[in-house]
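Consider the two complexes below, in which chain A is the common component and chain B and chain C are the respective partners.
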Partner chain A sequence: MSTDNKTNMFPDSSDLIEEILNKYPSKVAKKRAKSLVTNDPEIDQEIQSNIRTIPGIITQRGCCYAGCKGVILGPTRDIINIVHGPIGCSFYAWLTRRNQTDAGPDGENYMNYCFSTDMQDTNIVFGGEKKLEEAIREAYEIFKPHSIGVFSTCPIGLIGDDVHAVSRKMKEELDINIFGFSCEGYKGVSQSAGHHIANNGIFKHVVGLNNTDPGGKFKLNLLGEYNIGGDSFVLEKYFEEMGITLVSTFSGNSTMSQFENAHMADLNAVMCHRSINYIAEMLEKKHGIPWIKINFIGADATAKSLRKIAKYFEDEELMAKTEEIIAREMLEVQATIEDVKSRTEGKLCMMYVGGSRAHHYQELFGEIGMRTISAGYEFGHRDDYEGRKVLDSIKIDADSRNIEELDIVKDEANWRDDLVAKKTSLEDKGYGFSEYEGMMPDMEKNSLVIDDISHWETEKLIEYYKPDIIGAGIKEKYVIQKYGVPLKQLHSYDYGGPYAGFKGAVNFYNDIDKMVNTKIWGLIPPPWKNEPELVAKMADTAY
Partner chain B sequence: MEKTIDIKEKAFTSTRNACKVCTPLGASIVFKGIEGCVPLIHGSQGCATYIRRYLISHYKEPVDIASTNFSEETAIFGGEKNLFIAIENVTKQYNPKIIGIATTCLSEVIGDDMRKIIHKYKTEHDTNIPELVFVNTPSFMGTHINGFHDTVTSIVAAFASNTENRESINIFPGFLSPADLQHLKEILTDVAIDAIMVPDYSDILDNEYTGEYEKLPKGGTTIKELKQTACAKASLEFGYILNKSNPQTQSAAEYLKTAFDIPRVNLNIPIGIKATDALFDALEKITNNKTPEKYTKQRGKLIDAYVDGHKYVFGKKAVVYGEEDFVVAMISFLEEIGIETVLCASGGNSGLLKEVIQEKVQPKSDINIHDNFDFEEIATVCKELKPDIIIGNSKGYYIARELGIPLARVGFPIHDRLGGSRIKHIGYEGTQALFDLIANTLIQQMQDHSPVGYKYM
Partner chain C sequence: MLLRHTTKDIKERKSLTINPAKTCQPVGAMYAALGIHGCLPHSHGSQGCCSYHRSALTRHYKEPIMAATSSFTEGSSVFGGQSNLIQAIDNIFTIYEPEVIAVHSTCLSETIGDDLTQIVEKARDGGKIPEGKHVIFCNTPSYIGSHVTGYSNMVSGMVKLLSKSTGVTNDKINLISGWVEPSDMREVKRMANLMGANFTLFPDTSDVVDAPQTGSYEMYPKGGTTIPDLIASGDNKATLAFGKWATEDAAIKLENKCKVPFEATELPIGVRATDRFIMELSKLAEVGIPEAITAERGRLVDMITDMQQYLHGKRVALFGDPDQLIPLVEFLLDMNMKPVYIVSGTPGKKMHKRLEELLLPTVPEAKFQNGKGADMYLLHQWIKNEGVDLLIGNSYGKYIARDENIPFLRMGFPILDRVGHSYFPTLGYMGGLRILEKILDLIMDKQDLESSEPEFELVM
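And now, the complex of A and B:
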């Protein structure tokens, strides 16, 4: 692939799309065509997303349980998560996401454990409720945890074990918060269904339990930041320096008590829109707390987001402090960019990951002069691509209908009239709330947007675009690297990170520099294979 | 020897930090070892995704596993429709020789009759379709090892048919590393025996880099070879426990014995001198050839290493965990070099572990042997018995870290180091590597904790 020399514009990808679709049976091709879009940021384009992967097509997607237990509840340290089902599901979600936590002086941290009811055939035949009760009782006796969560896996829904009833019963018996999630793997389209179920569960059973004022002048919830590789730690430092009280983070480096208190915040800042927008929406409906979309991936994005948060609180001192932090941190950022950019400028990247990351990381690549030629989400919805303006026009299919929408009513006792008024007054001054424009308007013309990319499509794209780096996950890593293209794991950072905030940006520039400039690819063709002349020459000199 | 501690069998209801994985994972590994085979997991897409991510993080190779992507509707009405679509799509994309279908707890609970569904697919489609093989792998029965051996049996039973007279032998190595399988092939070539190994993922899960991606990497047991398993001179099968936790199942060699009267030679996994001697002894008997000098030399060198290192390992205490047959073989090796196993644990639950160790290894002293164990139970025992070394997969690292005891990484999964697929355990050569790993791990621990920090030994 080469860009147009004069305009430096990406080529129209319609021939590539055609080639990809040709391989599919016509019915599949017709369906798949709607998920591949040649981007034009100037116009509104629709992309089909959040629809079921076709059986037999190898997908990046995980299941509902993975989204609920693995993603949302996984990073919270003081809850014991008991997986109700056979052993695999629990084992596979055991510390595989590299969420970090700081258990502090009390040291209460159950993230290192994976509890399973380890259902055997007799439990499947006769039911596993008794075993679950026993497992809950035992977890309580050993650890006396703050809370216990119960997660249903596929067979549970079918054999009819009622995890909610068991949870209620045990909550009464043990007098701690215990609640269940019906997050069987077959529900919904992807892990996204599990995010929604987890949001609902936390909102119903935890948020609002504690009305104590968390204190401080500026009270913030950070939503959709999972502390992979220590991202949250970087951000927490900025907030602390700014004098902002971080009431809760959903759910990186978090505790259940933070969630209980979350409705006492003044503002919700949403990082990963896909996984957590439900809680933001529900907090506003019930308590009148407004939300804004922010992004801490990318130095400019971080500066912009910090300013937006500071501006909300309309406090001169806070705004000055924010500028001071930005100015200080940008020194290292600028110096690193200056060094790295000469080696990364003009290189191409592609990203197929998450429900936000494929968007957010474009900022970071852009800062070192790299262009995103193609991107897509693994489990995003149309609003993550096209912006929230399309929310009302998204068709609800059978898979989405099965995920409960909570009926939220205003909590008169804990309703923030002051914040509602603040929102109106700021909106009048042009400050945007509840907005997310999506990924597509931020992408270049003719870049290829593709939802739920398959293995086969990835291969075609690599051949066509010959990118310098791809951002995806471990499942894609070794296939892509077989093509001689380095892969950056954007779920778990290949043991690296943090990548959030200014410090994270510097880490990322340096890591990418090393990856796109590694010398190993030069070793691939052995001299005797592709360079007969060289071999002949060497032979000449030898004799 | 320390007292054996009394741990009540399954004192806990829940499994805390499991020392086992689920059955379809074992099935997927076996299917990866068959030439041109794409594994297809019949259940929710999460099963295929989780298993892929786990195998990929260990082998560091592409591991394509397709899924029938059950929805809520599929879970109610059955998986036939999804299976048909999946077979078609896998065929179109991969043009595989075989599709290896493994069931899941979900499809087993709803009761999909795989034999019937696959038969229906075959009758509705022309003959130009891949071979379709299936195995029942409900994850509520057994562990990944049951999935592994049940799949070997299923795939052998599906093809074994050829009754011509041949001089070849069958070899069923069990769940070993790609490097182990590679070494085993080398041995078989050197002793000049025509052998059929099932499964053979020695290349597929430890791929050479060519700069060109192959969707179905070269290698693996071929269909022709699978057919010929029915007419071998003998079957060599490593491991004593295999899939015996379920009395209704047979191992592949047992099946071939019953169905085709192929003699079965059952050996320990060849780790250590004794177990490797037994392998070469068996090969000599089958071939009437003497063991090549290459291996007698390797044996001699290994003994030389044992001599050089005995004072650093002798009397040390070890905790060993992993699959049941794997720990049996490890203990047999550790006994040789004088390491006392203070705890031998497995997540497997055949009920045979103690008996097999007593009978086949005959350890000099009492060992705490526990099957159906999880890592929290292992941690409890470790705290009490204070071993000098922990030997097992990456999952025990947290215990090693907490107690300041070094971990020698062997087996599966290894996801916090490179080279999981290159760990060699078997033969004189693999034993040599293990011996050096264990001895050097112990020496490093001494060195790191020595107030002098000696630099010379």
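And now, the complex of A and C:
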């Protein structure tokens, strides 16, 4: 594909899809065909997602445990998370997501530690509940934490250790908060099941434990922001300047006491819809706190989101302050765009990542004139692609049915009638709550949407589109770079960032500029490539 | 402080592991399998394990690490993973076209009790394994041993399922490589070639996980031991297995199966372990030791004689795997350093015995532990009680190093935050020079950073 056009319509990709599917055994082809969609933003299109990965297909996906322990509980610093299982599961989740945290000089922080029951064969044969009990006791005696989380891994689920019963028992014995998660890796079809299980667990065992008023005029929870590379730190500063009390963040730079207090907020702002919408909905059902979808990836998106939050509180001073911050920050944003865009405009990008990032990052690329030719999620559901309007039509299959839906009842003592009334009155003025349109309506016509992309599909896409950059994860990084195409890690930011907010946008434009315009790609062919007389005839030596 | 809750006070722990000095079997099996040419490793379990193992190896090598998974669901966990694996084998040969699939199990499929032999037989009977292609496999339950055990099991799997004896002996030896870097495997080949030895090295990850940038991706790069070479290993006249924890089992199996006699040595790290390796190699391959090798040795000993005054008596803490730690301790002792604390999560009484032999005569105060209870938390507590001048281990050591202000040498698996290990060996005499250079750099850099201005000096 030519990359110099800035506005031309993307080509129809049906020949590419056909070529991809041709390689597959017919059963596989039939299944995969429903997860590859040539986008048309004007019409409603269905994409198959959140279904099991076919065995033998090289996938990006991880497991339920990774979503629960790694993603949702990982960024909270003052809880000891004990992984009940053989050593590996805990080892690989040890500091491998870049959740920064600021505990101050002597605050509690267990995030740099890795705790495991390191199950041995005898424990597998005779059961590991005693060992888990003892491990919890030892952790308590050494560290005296006020919370301990217990995570069950695949073999534990099979041998039937009851992590909930052990947690209850130890909670009583030690008189601290202890709770378990049945997040065995085989549950669900991806990390997504683990998000749901984590949401349930925190809501059941932590949220609502502390009714103290956090204080302040405007009280906000930020949901689905994980402080990768310091993203939360950037956003925290804006809120502070606006005079907004950030009651809790789920879960970047967070503490357990924030969660305990989360039901005292006036509004929930949801960033990653996929991983955290459950808590937002449960807080509304139980306490009457409304939620809105926001996005702080992209400068325009940040401005829009800050305005939306300010508008909710209906306060002139707050709105003026918000405009002041936006105006101030946009100066640097615009200056950087002006500089960078001359080198990035018209370039093509593709993104296969997460359950919201593949959508959000399109904004950032768009701001420097780059176009998304193809995108997809690793563990998204249909609502993340097509919008929440399809929620009622999603079929729950055997793999999802086993993930518990909590039965939430209204908490009369802590019910916010004022917020319910506020929601109605704002809705009358056209303010949208509980809305998410999904990724596909925001993508260009003929762009290719792919759910749970496989390695084979990635290869074909690179050949066909010759993109200028791809956003994905660590497993894809060096594969794609071997093709001479730079890969930006959108889970870990290649150890850069922050990328959220205005400051983050500026960082991102500059980083992408560096990646797509680095000179090294030009040095790949050796200078003697076209001078055969310089190439030795000798066979390769043995080493 | 990064590890601010770590205290001096050591309480006995029976059940809680904190900051492990090991990981699980399959990641080792996956790495070993990459040392076969044209091989796609396959993880038989839920997709999470596979994703984690690929990520760990990718971060360590900064290279593509491909592997497939059986993607178990809750249903497969109840009914067994047979249909998942058969379907996976079919899909892999159709879509990704490897020469061989190397299957390893996971805790999940082990706990269920999936029988890999029988499942692979079934796949073969069902015509899912194309003519001339191979499926090998091994059991890697992580509730036994460690990542090193997994490597060992996959290497043994190569012997069990591929090596054959035709009755005609080749004038060639097998070099079975322990878990070392591609740079080290390349270095072993260089030394063996220099000696004129005729050999097959397996596994061999050089030119696989250190592939050059050419602008086009090769799913199966040019490196790796070929299947014909692996099959023929049963006809070779002898085996030299280096790195006992990772290779001795395979060497024994090859002897039992194909009557190939073997010697197992420690990894050639430092002067004396390399000496022993070179002499065994010379004997088994029936080749002399050339002047070039003697000169390399001389260079290493020369640098030690010149520099040992800066190293003498320095206290060192180490964590990692037995195969690396044992010869490394010997090397440090030969440089008059004091390895005072040594920890490995990998079990095995032999390690304790060997360390005792090495340490008791000159460093009786040394503390060492492996297997149960031997984690980095314990190591850190020892350090808190009495400090050290140098820490050696994988990237996780950087948290201790920063908290305690200790120079830190990265060696072992995984190294997540630096590069170089893929390209510059630590094996052999040349590798010894590199280790020594790195240690000296660290110790002298600290001196330069911390000396007062009047004491700051230019020359050594």
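By our rule, the second predicted complex is superposed on the first by the 521 of 543 C-alpha atoms of A that agree within 3 Å, B and C clash if a C-alpha of one lies under 4 Å from a C-alpha of the other, contacts with A are read in each partner's own complex, and residues count from 1 in each chain.
Please note the rule applied: a residue touches a chain if its C-beta (ideal position, glycine included) is under 8 Å from a C-beta of that chain, and two chains touch if they have at least 3 such contacts.
Quantities reported herein were computed from a predicted structural model and do not represent experimental measurements.
Under the clash rule set out above, the superposition-derived model of chain A with chain B and chain C contains a clash between the two partners.
Once the two complexes are overlaid on the shared chain, A:396 sits clear of chain B and of chain C alike.
In the superposition on chain A, no contact is made by A:409 with either chain B or chain C.
Residue contacts after overlaying the shared chain place A:43 against neither chain B nor chain C. In the superposition on chain A, contact of A:525 is made with both chain B and chain C. Of the two partner chains placed by superposition, chain B and chain C are both touched by A:123. When the two structures are aligned on the shared chain, A:109 is found in touch with chain C, with no touch to chain B.
In the superposition on chain A, chain A positions 23-25, 28, 52-66, 82, 85-94, 96, 112-121, 123-124, 131, 134-135, 138-139, 153-155, 157-159, 184-187, 190, 398-399, 402, 455-456, 459, 473-475, 477-479, 482-484, 524-525 are in contact with chain B in one complex as well as with chain C in the other. On chain A, the positions that touch chain B within their shared complex are 23-25, 28, 52-66, 82, 85-94, 96, 112-121, 123-124, 131, 134-135, 138-139, 153-155, 157-159, 184-187, 190, 398-399, 402, 455-456, 459, 473-475, 477-479, 482-484, 524-525. Against chain C, in their complex, chain A makes its touches with residues 23-25, 28, 52-66, 82, 85-96, 106, 108-110, 112-121, 123-124, 131-132, 134-135, 138-139, 141-143, 153-155, 157-159, 184-187, 189-190, 398-399, 402, 454-456, 459, 473-475, 477-484, 524-525, 541-543.
Across the interface of their complex, chain A is touched by residues 12-18, 20-25, 40, 43-54, 56-57, 60-62, 64-75, 82-83, 85-90, 92-93, 104-106, 109-110, 138-141, 143, 207, 209-213, 215, 376, 398 of chain B. In the complex of the two chains, the chain C residues touching chain A come out as 2-5, 7, 11, 13-20, 22-27, 42, 45-49, 51-56, 58-59, 62-77, 84-85, 87-92, 94-96, 106-108, 110-112, 141-144, 146, 186, 189-190, 193, 206, 211, 213-218, 345, 377, 396, 399, 416.
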